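Here it is: the structure, laid out below.
Chain naming follows the written order as A, B, C and D, and within any one chain the residues start at number 1.
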Amino acid sequence: MPEEALENKMVIKDLSMYYTDFKAIEDVTFDVPARRITALIGPSGCGKSTLVRCLNRMNDLIEGVRVEGEVVLDSENVYQQGFDTIGLRRRVGMVFQRPNPFPKSIYENVAYGPKLVGIKDKEELDFIVEDSLKKAALWHEVKTILRESGQNLSGGQQQRLCIARVIAVQPEVILFDEPCSAIDPVATQLIEDLMAELKENFTMVIVTHNMQQAARVSDFTAFMLVQEQGQPGRLIEYGDTNTMFTNPSDERTERYITGRFG
Amino acid sequence: MRARGGEAVTGACFKGHAFADRENRVKVVMLACASVAILAILLIFLFIFRESLPSIRELGVKNLFFSTDWRPNVADPKAGHYGMLTFIWGTLLTTFGAMLISTPLGIGAAVFIDQVAPDSMARVVRRGIELLAGIPSVVIGWFGLILLVPAIARVTGTSGYGVAAASLVLVVMALPTITTLSAETLKSLPAELKEASVAMGATRWQTIYKVLLPSAREGLLIAVILGMGRAIGETMAVQMVIGNARAFAVSPFARTSTLTTRIVTDTGEASGIFRSALFAQALVLLLIAMVLIILIRVISRKREAA
Amino acid sequence: MKGSRADKAATVVFWALGLVTIALLAFIIIEILARGFLTAINPKFFLGKPEAIKAGGGIFPMIISSLYLAALTILISLPIAIGAAIYMAEYAKKGRLNNFIRFCLDSLATLPSIVFGLFGLALFVIYFRWSYCLLAGAFTLAILNLPILLRSTEEAIKLVPNTYREASMCLGASRWTTIRQVVIPTALPGIMTSTILPIGRIMGESAAIVYTTGLFIRNIPISPFDTAAPLAGYIWYAQSEALVPDYRQIVNGGAALLLIIVFAIYFLARWAGNRYQQTKLLGPKMK
Amino acid sequence: MLLSVGCGGRPETADDSIRGEVKVAGSTTVLPIAQEAAVEFMEANKRTEVEVQGGGSSAGITQLKEEVIDIANSSRELQPGENDGTIVDHKIAFDIIAIIVNPDLKITNLSRKQVKAIFTGKMTNWKEFGGPDREIVVVIRDQASGTREVFDKIALGSTSDKPVWCVPSAIESASNGVIREIVGATPTAIGYVSYGYVNKTIRAVELDGVSPTIENAAEGRYTMARFLHMFTQGEAEGPTRSYIDLVLSDEFQEEVVGQEYIEVKKVKRQ
């Protein structure tokens, strides 16, 4: 990969989030560099999934959620008054823990996003679908069965279909919420390879509880932890992945990555 | 590619307000659909009340609701007497009779489904109860008329029509409600409850009697109240077997009427204040139903608190 | 041991109670079918024209009335139920309004059907001057069935996995687009399935329609504003007026036919429900 | 809501000139006549539609006044409160009310006094009439019935000022047919029906020694009898007129009315 100056695609500043009265995460601050993969790790329940959902305001959909602090995307705070959340989610796409293709055909799954912005032209749609499926490394497996239900694919294929579906709307950032936790190791390998390829065009954030995966795929890593039951999740350490895994500065990070808890 | 993506994004941003606008409009439409329920209840209240108002005003609360003097006059409605107490009593009496049988039977069948029966048998009974609930009331009424009434007549030497026949028919109507809801309540009890009791050496019967039924008390009560609601509201089946008399029933074999049967028998021919008095009977049914609903709300709130 | 003897006795009692319900059902079915089955399946009867006072009448217009009424009722109530269910499942926030809507739905579900009947008479037949007609009955039954239909529709919508909604939103779909493009299509088989059972209930309902649709006709109703005589109402009318000499046979046949129709609808609903459950609710298939 | 859109044709005129709809409702006693007439009328006039419903005399009169129907069948006279002067009366037959009992009861004759005692509930056990020691089950018609009104008037001496009511435990039935059914099926029942409904399943008893027959009624010996009516709002016109004319025609009176009722012209008393 050619060296280039790091620019920050997203900046998270003093972010706290509440479920009604309960504070789920507190004062989280870190950067998401452009065209790099940032991993969020930590034991389950530390708020890493909650945090990643703050980045494209998916938590807005849950009743009683309140957010303080800033999430800056290209120098604009996405939590500012009147910010277009629908546009935001188009720019910041998401791949979920369990593969969740719609109960529609493979083609329709990928064409869903482009159709939303009013692309109706058949040829253009065909092109986007093929291009997205190719980028998701799924094209050769499904090109003859585009009209079949996306739910008939295997788990790993479904997850790649979901990635293709996100790629089709040309997002700037893709959030992965434990994308491999529900699929087998071979399929996991495929997706990790895919992420490495996508790095050329997309900024990515991946939530994972699998430290090896974080070590393998990510450039930067943020470690989150809940100190005690009932307390909010906090960011313990953030930095270059290599440094973090070889020479963590915080004792708690070290204990976690050496497998002493979590 | 990037440029096109950018365009799309600006497009979406541009459309942001339109989206928000449409979102709100859609939400309002959906809310309007949901509000049909509110509207319906209000309209029902309004129209039933409006139609019963003349009789309340003309006859007074005492002569209308608390009198047993029912001597309607079709040709000259104002000349009639429209006391409905006989029929309120008839409703209560037939319902009481029905609950006397259907409560133990329904809860017993629910215990059978949930605790005693092997799975296949439980499924058979559950399906059977659902089918029973689906039998139209005219069919049950006809069954009562051609089988129950003659049977009661033979055994008791009365005409066969009356409170007893009505109550038996109502058992069939109330039983599915009570059984289904009781079984649901029992099923929703935590499994540990039963395990704990059995672990202490209790027999199945002791577990049911001392642990399960008391813990399910509120749910069972709600089941019985809803069953009662069905019995109070049932019309056709009762009308076919109760004898349609205007006598105040004192014996289980007396012929009388209930609020619902009086309404369905007379509405076709009533006009003026006579019809208004029938609407007043519907108003009483409406109020009874409301009382039951509020009762259920209170009980379920208590259950949630507990 | 005393405890175990009581236990055995209780087991016997519970078996008896369980079996009594089944016996009761079997008894009713056998008695009704034994009396009316042969009449019910006689084409002269179910395809015949009813007689007002002479023997030998059929019930074809009544069957048509019932089907017509059921279709109209579903046509009126389904869109409202779906809209309301979407609101309750997708938009409604916990609060007073939501609570009040639920309260109203519970009340509607508990009101005796004869009260709906009188309401329909007062509003549609008299106030709107529609006279006795299918539409008056259909509106009355639409309100009567709203709570059931809404609840089953709402359940079908709630069964749509939440991650579908999230995925759609994350692709930049608005809430409504998500509902329209993803939630409703996914829930549709479930909604359709849950519509079948209320049809059975509509076909069996009598108290709510005797003073809204009418009780006796000789010709097949064509317009929604035509007087009609749904089967259940006609059965009641036939036995309560006994104008035709062979009314017993007609009521026996009608009751058997109604029972067969309602049970057929029940089993259809069960079958469709099972199928739907197998294909949809187990979620995405994993190979 | 007058639905008849006829063009004033008389029954003698050609078939096609009479067209439109006639809605008829009311007395179940008149129903058989009205229905039979409807069938004949529609056969003769293909472009007409006659719809006949029951409901009882009073219901029919109410609907006529509300202009929901064109003809109200009635088995009783109009009451003072009902006639605002616009309703026109067409007497179409004369009918007997027969008191009927279950054939198991060995009772063939009742005095008028006994009838009153039974129906008003002063006597409640067949024992008092030499029958079995069983409760008397009284079966009567609903309030809208003209038959009931005439029965109450003649048998019980009821007047509009001083109404006499049947025993409260009496079973109210919606039609003659149902009374016959219940009396036929209940060994201890007594009731009353229009003469046309008398058959073998029940027994018609003599009243003061006079049996309810057409001759006895026509000649005034059996007094529990009344005219049957078809009322219209104003003079009948169009198909409604033609329909009533058919009912009153000699042929129809003889062949249909005469079977179970008494033809209007044969009645000597008014």
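Quick note on the criterion: a contact is a pair of C-beta atoms (placed from the backbone, for glycine too) under 8 Å apart; a residue touches a chain by one contact, two chains touch by 3 or more.
Computed from a predicted structure; not experimentally measured.
Counted as hops between touching chains, the shortest connection from chain A to chain D is 2. Chain pairs C-D and B-C differ in how many C-beta pairs are in contact, and the one with more is B-C.
Measuring from the average of all protein CA coordinates, the nearest chain centre is that of C.
A centroid comparison over C-alpha atoms places A as the chain most distant from chain B. In this assembly, the C-alpha centroid of chain A lies 52 Å from the C-alpha centroid of chain B.
One finds 39 Å separating the Cα centroids of chain B and chain D. Mean C-alpha positions place chain B and chain C at a centre distance of 16 Å. Chain D has residues 174 in contact with two or more other chains.
Each of residues 86-87, 90, 117, 169 in chain A touches at least two other chains. The multi-chain contact residues of chain B, meaning those touching 2 or more other chains, are 12, 19, 268.
Put simply, chain C touches chain D in their complex at residues 52-54, 131, 215-218, 227, 240-244, 247. Those residues of chain D that touch chain C in the shared complex are 1, 28, 31-32, 35-36, 51-54, 68, 174-175, 177-178, 180-181. Within the complex formed with chain D, the residues of chain B that make contact are 71-76, 79, 150, 153, 157-161, 243-248, 254-255, 265-266, 268-269, 271. Put simply, chain C touches chain A in their complex at residues 93-94, 161, 163-174, 177, 181-182, 185-186, 280, 284-287.
Touching chain C in their complex are the following residues of chain B: 12, 19, 22-23, 26-27, 29-38, 40-41, 43-44, 47-48, 50-51, 104-105, 108-109, 111-113, 115-117, 121, 124-125, 128-132, 134-143, 145-147, 172, 175, 179, 203-206, 208-209, 226, 229, 232-236, 239-240, 260, 263-264, 267-268, 278-279, 282, 285-286, 289-290, 292-293, 296-297.
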